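Paired with subunit B in one complex and with subunit C in the other, subunit A is shared by the two complexes that follow.
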Partner chain A sequence: MNSWNFLSILITLMIFLPIFLIIYNFNIESDNWAHIRENLLGKYIFSTLYIVLGVSVLSTIIGVGSAWYVTCHEFRGRKTLEWILILPMTIPTYIAAYAYYDILELLNPIFNWFRINIGIKETMMVESFLIYLIVIILFSFVLYPYVYLSVRASLLISGNRLIESAITLGLPSNKIFKKLILPSTKPAIIAGLSLVIMETLNDYAAVEYFGISTLTIGIFRSWFGMYDMASALKLSSYLILFVFSILITEKIIRGKERYNNINGSQNTFSKIPVKNKKIFLVFILCFTPFIFGFLIPFVRLLTWLLYSSFNFEDMNIVQISFNTIFISLIASLSIVCIAFTINFVKNYFNNRIVRKISELAILGYSIPGAIIAIGILKLNSHINTSFNILIIGSVFGLVFAYGVRFLAVAWQPIQSSMKKQCASINHASRVLSASSTTSLFKINLPILRKPLLIAALIVFIDVAKELPLTLILRPFNFDTLATYTYDLINQAQFFQSSLPSLLIIVISFPAIYFINRNTRDEL
Partner chain B sequence: MMKKHLKNLVILHILSTFLLGELNIYTHRHYESDKILFKSFTNQTGIKINVIKGSADQLIQRLKSEGKNSPADVLISVDAGRLVRAKTLGLLQPVFSDALDQNVPKLMRDSENYWFGLSVRARVIVYAKDRIEEKELSTYEDLADPKWKGRLVIRSSNNIYNQSLLASIIEHNGKRKATKWARSVKRNMARKPRGNDRDQARAVANGVADLAVINTYYLGLLANSLKKEDREVASKLKVFFPNQDNRGAHINVSGAGLTASSKNKKEAIMFLEYLTKLENQKIFAESNFEYPLEYQNADSEIFLEWGSFKADKLDLSILGKNNLEAVKVFDIVGWE
Partner chain C sequence: MVEFENIVKYYGKQRVLNGLSLSIGKGEIVSVVGSSGSGKTTLLRILSGLEIPELGNIILNDAVVNSSDIFIPPEKRNCSLVFQDYALFPNMTMLENIYFGEGSKNNKEIVSELIHVTKIEKILNKYPHECSGGEQQRVALVRSMATQPNVILMDEPLSNLDFHLKSKISLMISEIIRRYTTTAIIVTHDIMDAMKISDRIIVIDNGIILQDGSPKEIYDSPISKLVARYFGETNFIPLELYPESNHHIIYSNDEEPLIHVRPNQFQLFSQKNSKGKLIIEGKIKSVKNIASDLHIFLECQDIHLDIHLILSVEKDLKIGKILKVMA
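After this line comes the complex of A and B, so read on.
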């Protein structure tokens, strides 16, 4: 085993350690478990399932539908739609939730009428149903871009040929979609969807506000309400099991149906023209997700900004913005470096142990941030008792935590492009015994410049939005835009909170712009 | 020249940090008033204050994980229950200070001086002026009466304020009666619990329900909000202090303790004394519409409007002791 392999295994294990500590503690006995199983578990599981199912269905419809029209059709405004459809991704679920927080209040007169004329019980049922519906719609409209991006990328690769042949055969548009596009983009849909589901499960603030008891809420209730870490970990195990089963399904489906990697040239990408009568309809269809997922929350925040009274002299908002950009940059750079290095080692030396073990490092993304925090705190206390040092409370600790959670985000694009573009070169350079360092820096790095940049940008956005890990692990006097927003919302300072919320969204704009440009140019 | 100047500055900075010390605070309080007071403490003493804000639960976890290496000197929470928990976990140490003994009434602090109250909160009933007459209201127990069916709103039981209220009811009436109470109150709710105390007040103002159980300062915040709608909400509501003919209204404290790991003990004690000083109480508690420790003498306009009240004399440590029991009762009756 050479030092490259050794280093990769070491880093992987370090990143896996907090996750291991969570899984390892599943079997601790707990006094309250019987109580939880009897009174709560069913409720937690069902409400989680409702939300996840609803969000999955809706975000798939929105994501696939918009990707299909925007990528494979030609109509006016298509180019603009193509990139504004990604924008909802910049809005964290908790900000979307509070931008829509009073939507239920608008319905109060109807509920009041219902309560008096029909009955309290019935009203409660309708109301709960509506709450679920609102949360599902809310999540779907800000999370569908994960499906959209993944399906669009897949269509850009294979859609061209499919459509060309279908048009030659004279198939109508809806048939092309059903018979060709849907089956061929299935792996991409599932890949995007698994991200949507993980983001849904990660949410705590929004479901708490709407009073829905999901598993994530249950974990907190056991951990803090009952002060029962063991039960919290047991509940986490249910959640992780759930997520792992999704991931495994995804792997199986992806494994079976590999993309047909035929490089169509972009110039000849033939698009289905949209008939004049339908243009308006298609445009509205593709514009709606943008309106609900981005425009409404964004404009609401802007109007609140007008009402807010920021004292610009004593303002630390500049400092806080700087903190956010600083920590997001450091985190995305280090995470991309690690993902790049380990993937290179895997690809270049093709060591079996590294290949197997490296899978462990990317589990973190499937676990809600709040649970990762438990793992990090546990790790911290072990290191503290053995070596007398703290890993939390420093920028390093925070970046490490982000690494545990977000490595997978950088991992996927880097892994797939390295497989596609560097595998044979790496093999050749190894046979020709070029040094591994030369290969890494002189060959892989320049070739993968674009996917690396995209990976870094996605991680950047994710870190800038991150809340639970930052809240619990940050250093003294350290606020990010996300924690500051959360703090102000906690005090119901909605007007004041609009500025940091908008800044979170705005600092992600350049990243979104680059992501869009580069995914389009890639072909 | 410039370089030398810079060097001097750096030395001065290092010296000042060593001589005056700093103070590291973990706090659950996120109010403007705290910021103002922290700043004036620094101005008066030269002691720099570093803050990490978070929920008391998470901060306690963090303290525990950091053990004796924790940089924190003071833990501030928004309820007594969490301080009791921190004490039980061995995260706090007792403080003996005449000033604190004098500033903080016995009821508002730990019997062994592990923690001290900083402000007082009363959990009361607010009701719609136009739909309910004061004489219809009496006690927390009365909220279980079928006459309130579909007429009351209260927030989720995930919240510590409700857990503490039920913990006190368990202590006063026993677990069996408390369970029955929680079950009946749940039955009387006009809607499933959601939102915070402010949202409950809003619901009453908007006619969703006739009364709500909330902490008083939320009403103060609404009445003084920048938003016109908030002020309108407050104008439609009135405060009622329950159980005035027997044990008194349920109160809790926001409080602080010196951490077991503290490396700046002297400064930390100075800080606690500072916050509990009578004149600072006005800023610390009252500008957030919480009651000062001497709540009986609070004379801000809004307190006068709400009227004076009799508070439950229950040992606040009991709230921490009964917390788990309370959470379980909520689970059993299905109060989400």
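After this line comes the complex of A and C, so read on.
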């Protein structure tokens, strides 16, 4: 085994180590566990399942429906909708939750009526049901773009031929959707949906804000509230079990199905014309997710900004913005370097062990940030005290944690581009006796510039938005825009929280635009 | 020069090479032909080191490059491979591509001559996407020859070219390989390409060698119906009908011996030249004029067979007419 292969395996194992430690320490003894198991665990599991199920159903409906209309139909305003439907991605779930903070107050008259006319117990049940419903709707409107993007990409690749053949066979629009589009985009729906579920499980601040006790909340309470590492580890193991069962279900459902890559060019994409009577309805249907997922929270934050009396010197917002950009930049560059190197080694040397082991490196994205943080804390407890300062409370430790969580985000675009563009030229380079370093720097790096930039931008956005992991592992007195927003909300300073919230969105905005433009061109 | 000894290769559960053994001498131009999935490309990739066989040894220039405990990586084998999609580096000009290989800069004289022979002088400063398929193909060939490889391997080198370019480039390939007395192994599914370029053809199917010989030998004397059909249209006539025939006979374990006659071996019957020939009479079932030839299907009721024949005659032959031919 050469040094490249050895290095790849070493990095992969280091990245997998925190996840391994959680699973390995599942049986560790804890005083509080009996209490958690008897009184809280059922509630945690029920809440998590209920929210995941609701968000899955609703975000699939919104994501698939909007992708179907804006990609396969022709109507006025379609091109604008195609782009603005992605914008909710710039809004983290916790910021959307804060922007809709007073929605419950609007419901107060209804609850009062219930209390007086039906009874307190029943009102509490209705209240609880409505809170879950609001959280489900809120998450779905912010997270549906994952399904939308995945289905749209699949339709752009193969939709034209499917639609052309269906139209020539005389199928009406609804039958094309039911009989062709839904079955052929099933793998894309499931791929997008699994990302929605991972993001839902990762959320901490939004569910905490609405007072819902999910497994992620349980992990936080165990660690932050009771400093009980053992219980946090046990709850994390339950969540990992849940996540793995989702991943396995995804694999089983997808089976051997892949994107139907029927040759066809998007330039000649035949679209179904929308009849005059339906244009308004279709436009409203596609515009609604944008209104609720982006426009309302964004306008609310802007309004709050106008009301807030911001003093830049007091708030240190410039320093915090710098921190966010700095940590996101360092993390995205390191993560892209690692993803690029491991993928190059995998592709170039085609070593079976590296191929198998590298799968472990990308498990992190399916694991919520809070769990990764607990895993890293556990790792820290095994390290000699003179070195553990390197991990906990340091920029290095935080970047390492982001690496564990977001390596998969950079991995996907790099891996697919390398497979598509570099597979045979790497072989050519080898048989021409060029060294691996020459191939890496003279061929792969220049050819993959664009996908590498896209991967770096995606990681940059994710790191800038990340809250739970940053909250647990950040260095002392180190704030990012996400943690700062969270702190301000905790102090009920809603108006003041608008500026950092808006900055997170503004930072993400150009990156999302660039990614959307380039990924569309790549298809 | 190149020895494959009992090579076994699996892709998943599928056995692609089935104990294949083969020996190729220095300076030979060998074509490996076979249908898709027969294992021909795998053979090239194994020799170049891009794939590792489960079993077997490979000897290159008297040195073992692959065995149960030895594996020499591709970059150290000096086996150049011309890929089906050419695999030119898109970020480099054609000249940079040509001089990319290790040691190619030491062979400047040969490279200049190759550039001249392949007539690519004008495109040297262009990028691959600015050039045609034929130009890219020639650059890929020069790039592979520039390192003066032990053996040059070509994977379907002509499959992406149109008919006109194909014949031009196939001649160029064989001329260049012969001029530099390089050993070459060419994988192709096109039998005409193989016959034009190579000294020797190896037919493989299901990972084993069916026949190994010169192009003429295999065309005229295939060892099985499969090989015969692979080399174009042909007729199989039971030997018992014409036991005196001096045509090539195909023997097999599960079928009676068959006489093998190519459609173009037939000619119109003439008493004068008919001695010792196979004579067939039948009713014309169909007749089609293709270029200067007549493609005829003859229904021969006495031998219960339809015979396909190609005649280069200007004669009015109508469906239903009785025709007597000999081969």
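Simple rule for what comes next: the second predicted complex is superposed on the first by the 486 of 523 C-alpha atoms of A that agree within 3 Å, B and C clash if a C-alpha of one lies under 4 Å from a C-alpha of the other, contacts with A are read in each partner's own complex, and residues count from 1 in each chain.
Criterion: a residue touches a chain if its C-beta (ideal position, glycine included) is under 8 Å from a C-beta of that chain, and two chains touch if they have at least 3 such contacts.
As the structure is a prediction and not an experimental result, all values here were calculated from the model.
Of the two partner chains placed by superposition, only subunit C is touched by A:A428; subunit B is not. Once the two complexes are overlaid on the shared chain, A:I248 sits clear of subunit B and of subunit C alike.
Contact with subunit B, but none with subunit C, is seen for A:N112 once the two complexes are overlaid on the shared chain.
In the superposition on chain A, A:P446 contacts subunit C only, with no contact to subunit B.
In the superposition on chain A, contact is made by A:I217 with subunit B only, not with subunit C. Taking subunit B and subunit C in turn and counting the residues of subunit A each one touches, the greater count comes from B. In the superposed pair of complexes, A:M124 makes contact with subunit B only, with no contact to subunit C. In the overlay built on the shared chain, the residue A:V299 is in contact with neither subunit B nor subunit C.
Residue contacts after overlaying the shared chain place A:L49 against neither subunit B nor subunit C. For the contact definition in use here, the subunit B contact set and the subunit C contact set of subunit A share no residue. Residue ranges of subunit C in contact with subunit A, taken from their complex: 48-50, 73-81, 83, 85, 87-92, 100-104, 143-144, 147, 153. Residue ranges of subunit A in contact with subunit B, taken from their complex: 32, 35-36, 39-40, 43, 105, 108, 111-112, 115, 120, 123-124, 127-128, 131, 208-211, 213, 217, 220-221, 223-227, 307, 309, 373-374, 377-378, 380-381, 384-385, 388-390, 392-393, 471-478, 483, 487, 490-492, 494-495.
Only residues 24, 30-31, 50-55, 57-58, 61-62, 64-67, 69-71, 85, 149-150, 156, 158, 163, 190-196, 198, 202-203, 206-208, 221, 226-227, 323-324, 327-328, 331-332, 334, 336 of subunit B touch subunit A when the two sit together in their complex. The part of subunit A that touches subunit C in the complex is made up of residues 350, 421, 424-425, 427-436, 442-443, 446-447.
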